[in-house]
Amino acid sequence: MTAHPSPTTTLLRPRFAPFSIPLTGVVPPVCTPLTPEREVDVPSLIRLVDHLVDGGVDGLFVLGSTSEAAYLTDAQRRLVVETVTGHVAGRLPVLAGAIDMTTPRVLDHVRDVTAAGADAVVVTAPFYTRTHPVEIARHYRVIATRSPVPVFAYDLPVSVHTKLSAELVLELAADGVLAGLKDSSGDLGSFRSVVTGARSHPDITGFTLLTGSEVVVDSALALGADGAVPGLGNVDPVGYVRLFRLCRDGDWERARAEQERLCALFRMVDVGDAARMGGSSSALGAFKAALYLRGVIDCPATAEPQVPLSEGEVELVGKYLAGAGLL
Amino acid sequence: MTAHPSPTTTLLRPRFAPFSIPLTGVVPPVCTPLTPEREVDVPSLIRLVDHLVDGGVDGLFVLGSTSEAAYLTDAQRRLVVETVTGHVAGRLPVLAGAIDMTTPRVLDHVRDVTAAGADAVVVTAPFYTRTHPVEIARHYRVIATRSPVPVFAYDLPVSVHTKLSAELVLELAADGVLAGLKDSSGDLGSFRSVVTGARSHPDITGFTLLTGSEVVVDSALALGADGAVPGLGNVDPVGYVRLFRLCRDGDWERARAEQERLCALFRMVDVGDAARMGGSSSALGAFKAALYLRGVIDCPATAEPQVPLSEGEVELVGKYLAGAGLL
Amino acid sequence: MTAHPSPTTTLLRPRFAPFSIPLTGVVPPVCTPLTPEREVDVPSLIRLVDHLVDGGVDGLFVLGSTSEAAYLTDAQRRLVVETVTGHVAGRLPVLAGAIDMTTPRVLDHVRDVTAAGADAVVVTAPFYTRTHPVEIARHYRVIATRSPVPVFAYDLPVSVHTKLSAELVLELAADGVLAGLKDSSGDLGSFRSVVTGARSHPDITGFTLLTGSEVVVDSALALGADGAVPGLGNVDPVGYVRLFRLCRDGDWERARAEQERLCALFRMVDVGDAARMGGSSSALGAFKAALYLRGVIDCPATAEPQVPLSEGEVELVGKYLAGAGLL
Amino acid sequence: MTAHPSPTTTLLRPRFAPFSIPLTGVVPPVCTPLTPEREVDVPSLIRLVDHLVDGGVDGLFVLGSTSEAAYLTDAQRRLVVETVTGHVAGRLPVLAGAIDMTTPRVLDHVRDVTAAGADAVVVTAPFYTRTHPVEIARHYRVIATRSPVPVFAYDLPVSVHTKLSAELVLELAADGVLAGLKDSSGDLGSFRSVVTGARSHPDITGFTLLTGSEVVVDSALALGADGAVPGLGNVDPVGYVRLFRLCRDGDWERARAEQERLCALFRMVDVGDAARMGGSSSALGAFKAALYLRGVIDCPATAEPQVPLSEGEVELVGKYLAGAGLL
């Protein structure tokens, strides 16, 4: 009669996933275009999805950090997932963040995003509250038991203030709780421990390993990652797809050159004046300004309380685009 | 035609508050009793409210950290506020947390908790996302403009990972954005800066200054705080009310003795084995175990993914209660 | 034949201290006046000591944070201790910081400062290196065994990046390892746990409990501290001595007024432009500028690589002095 | 007449370095063998140097974290540098850490280690004290002006609690202040910014870029690093030299296999029981146990207050060695 099954319940493994396992390639975290009134701009979002699909990406990740999931209301989150899954119509897998503080709140988002058509959910450790490795494991076990779709762990210490250990991820992968990992920790050594651990573990198959980095995608692929979830992929999906293919083909020299071009473009995230705004305002403001300048979206607004870029800062974004051959 | 008014809009000041200004005394953050299935246990919640009101408290704070707000679903949050405001029926002011990551999501909670009858909302700085003092100010200004009830700032760096500066709080108080502060920073020196700054500022009147500490309530009141929001007040409301009155009457010697008795009782928050659970599981588990042992609530369960206390740990809670003369 | 005695060696307890136990009153951390060439300015240091002794202080703490111990070479550190102990000549106890990263390096400083006449040493937990409570205990046990004078623990998480737990301090106090605590953690609740724990522990006698705060000295004394080590005491020793006496006499209302006057004066620590310098440059620069303006020291220079205050910032310090009646 | 030259003094550039510029290859941070009495074990240190030189390394780094510099007294530090430079006798460059809290104290170490024959010094940002980018720049400028040998920046946020920004490192490199960077930040993306920035900067030539990682050496070399400073290189210098050569030759597939073998070996750093010791005790204890088991050093003791590995933990180290083919 318990509503929450015991977190030690054995899972049927492998859970069916509506996409090839593991997921490989470029899976950009999709920006959420907003109107000047800070409502979801559905036509712009659809154009952005087309821009990404036309760019050759292999999947889409909605409601992640780059999507401003932390800023979107529940109604806006649902609208985003419905819009994207409806427009994609099964051509690509759509992963959706279920970003909230703890298990019960995450479960509500899992219900919402899967009802809206998400093919997998991406979930962080608990945040805001004080937590513990035992509780993090319990969190993922409860969620996996109740999610109708595969669960990816989202390692984002800058937001969550906890790092998922390689040991914990591998334990949960081996038990069939997790289907994959999006690593945005910035710690490539720790990510490598998961990659090599997963490859050599007898009980782990089809586990998807994605880096959330924009700037060491070649390195991550070289050491065995399956793909990348680069926020900058909104701005230049073609570049990241090209980078992925060069790496897949083992052409490391040209891959490095392409990665360096993208690194130079990525410097746009620092255009915002640090005396006047935080890192999110600057980075997401720059991505959206770039999409606006490239004609993909109608308005570069970011959600409240982020501070808008100044005109001069937007011009600087334009210069980065020009420098990368994108304007 | 903007949905979000400009954050610089002047507020009518002072905003009407349905309680005396400033709010003084003991305003416990109300635990949220759960059933074994982790649903809100309404009868237990009502008994807990009676236990607090009968203990002589001066207001109630629902949906704060001690209430497990981070773990409650939106439906559960609404049920809690409706239950408490309905049962209190105006006898005491009811403050409600509107705890979420950013402005738009907080605004949804403000709408919900005020629809459910809350007399004021308690709001943290943005979290999970990277932020900045300019953005924090913008956040509170937007929320204050759109909230039908007074807004209290909630300074909780252990969760939010940002400390509200005294300077920022005073600026927002002077502009009529904030009606009060709940300080759970543990930094009494910084809190004192706000207290003395608010007392001497020509544009600040009726600003409510509450400490979130359990263990230096006498100190906070001695330096000018209006009241306290002690989680342990769930377990021993009579003790905190007695402490407040002793301080109000300037009987510092007896106040110190009462405070020390409560400090000894507060040690229950560490009963949980740190190898097996985090600080939230231990502290909230202890408060709920104490309420269960005192016969106030029917079940000591905490929300997922918190780890339950063992039988031995619950016994230890009982010993603390006995030591404080509460069993 | 081991050079380091076993850290579990039992100590003879209580260790003889060349001052009354516990040490009570105001024990300012003595600034280290420097010449324009950044050498120790011995005549100014002697004048500063006279200024403090004449102000009525009860002891002196050299080579703490306010003394710029982190910036002084070993030769400078020795010169400071010799100068101060030589000039004081036993009239007051002189405590000296032995600030370094780990046990062996701290032991060298203990040897140096005690050879130079220090009556007690003040020691932090290990820093720079990763540490652990077991190692912190081991650190203090080894040092206490080898120190010819009593050892005080220095809790300064902002520098050490570890907080000493009340439990650990009390364990070491009960075992005679520690003779006292200087608490600069800013966490009055935790300090209270040590104070009340020490008062009630059968094996702890004569343990000296000093707060390092400038702004909640009245609170700390009210809850049982023996004294204070306020950096601002360099600037206004008379004020802190007056505050201590008011607290000792239980005149809390006048104590609070005096404390608030000192809090207003303390705001000088923020005069430095945060875009151009760190908190140490600003706070220590302000203390030294104040001593210079009051005619106590000849030069307000701080050690490299701290950034000097601008002329306008020094003027602002003067305004704080004037506001507090000190110019 | 100022003892400290102005930090803006122009440097003669490039400073002469007694080794080829940039320095490339494997430059292990040399462990400091200790006797049971915790004195420097000179014969073991000489055997360790031979073990490394025979393994084919390209330089030696003494007095870094792996050398327990934070635990060595000044006399021990001097003895280490003299022993190593004397034994190496110019066959390889010897870099020495000058690890201390601030500029004046670092300068004393610079004097000592260069008197003892070090070919370059490796210096962190200020620590223990609160700092600021302006002060960090000033720190390096003063040190470079007064150091007779080239200065490398040591980026070690886990110890220093500040991250050196790519922008700051490049500014100091362009001004001839820094001769190189040892990056132990774990943040490969940031390191890449320095690498690509330095390669493309018109004013930067011969800047040495070394990764301090053990586990992504192949990645760092692939993106343009000059070499590596792996602590684990004490245990298996041959492996790291082989890895470097494979990378230099562009044999990325075999490089990856060798790197993965070394990653598996590196797991020895976690043998220590986290309930009983910190990360330094565990990792340095494991390296020394491995060197002891391999017959290179006579005693695996680590400095106080580190906790020794248990017998079982040492056995586990042996298993890692056996697994890597080193026993």
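Chains here go by letter, A, B, C and D, matching the order in which they are written, and residues are numbered from 1 within each.
Criterion: a residue touches a chain if its C-beta (ideal position, glycine included) is under 8 Å from a C-beta of that chain, and two chains touch if they have at least 3 such contacts.
Just so we're on the same page, UniProt names per chain: A, B, C, D = Dihydrodipicolinate synthase family protein.
Quick caveat, the model's predicted, so the values are computed rather than measured.
K.L.:
Taking contact as defined at the start, I'd like the list of chains shared as neighbours by chain B and chain C.
P.N.:
A chain counts here if it touches both chain B and chain C, and no chain qualifies.
K.L.:
Show me the overlap between the contact partners of chain A and those of chain B.
P.N.:
none
K.L.:
Averaging only over C-alpha atoms, locate the centres of chain A and chain C and give their separation in whole Å.
P.N.:
49
K.L.:
Between chain C and chain D, what is the gap in Å from one C-alpha centre to the other?
P.N.:
About 34 Å separates the centre of chain C from that of chain D.
K.L.:
Quick one: which residues in chain C touch 2 or more of the other chains?
P.N.:
Correct list: empty.
K.L.:
Linking chains that touch, what shape results: line, ring, star, complete or other?
P.N.:
ring
K.L.:
Every pair of chains that touch: which are they?
P.N.:
A-B, A-D, B-C, C-D
K.L.:
Going by the contact rule at the top, pick out the chain C residues touching chain B in the complex.
P.N.:
Result: residues 186-189, 192-193, 196, 213-216, 218-219, 222-223, 250, 252, 256, 259-260, 263-264 of chain C touch chain B.
K.L.:
Hey, which residues of chain D end up touching chain C in the complex?
P.N.:
Residue positions touching the partner: 1-4, 7, 36-39, 65, 70-74, 76, 99, 101-105, 107-108, 126-132, 134-136, 138-139, 142, 158-161, 276-281, 303-307.
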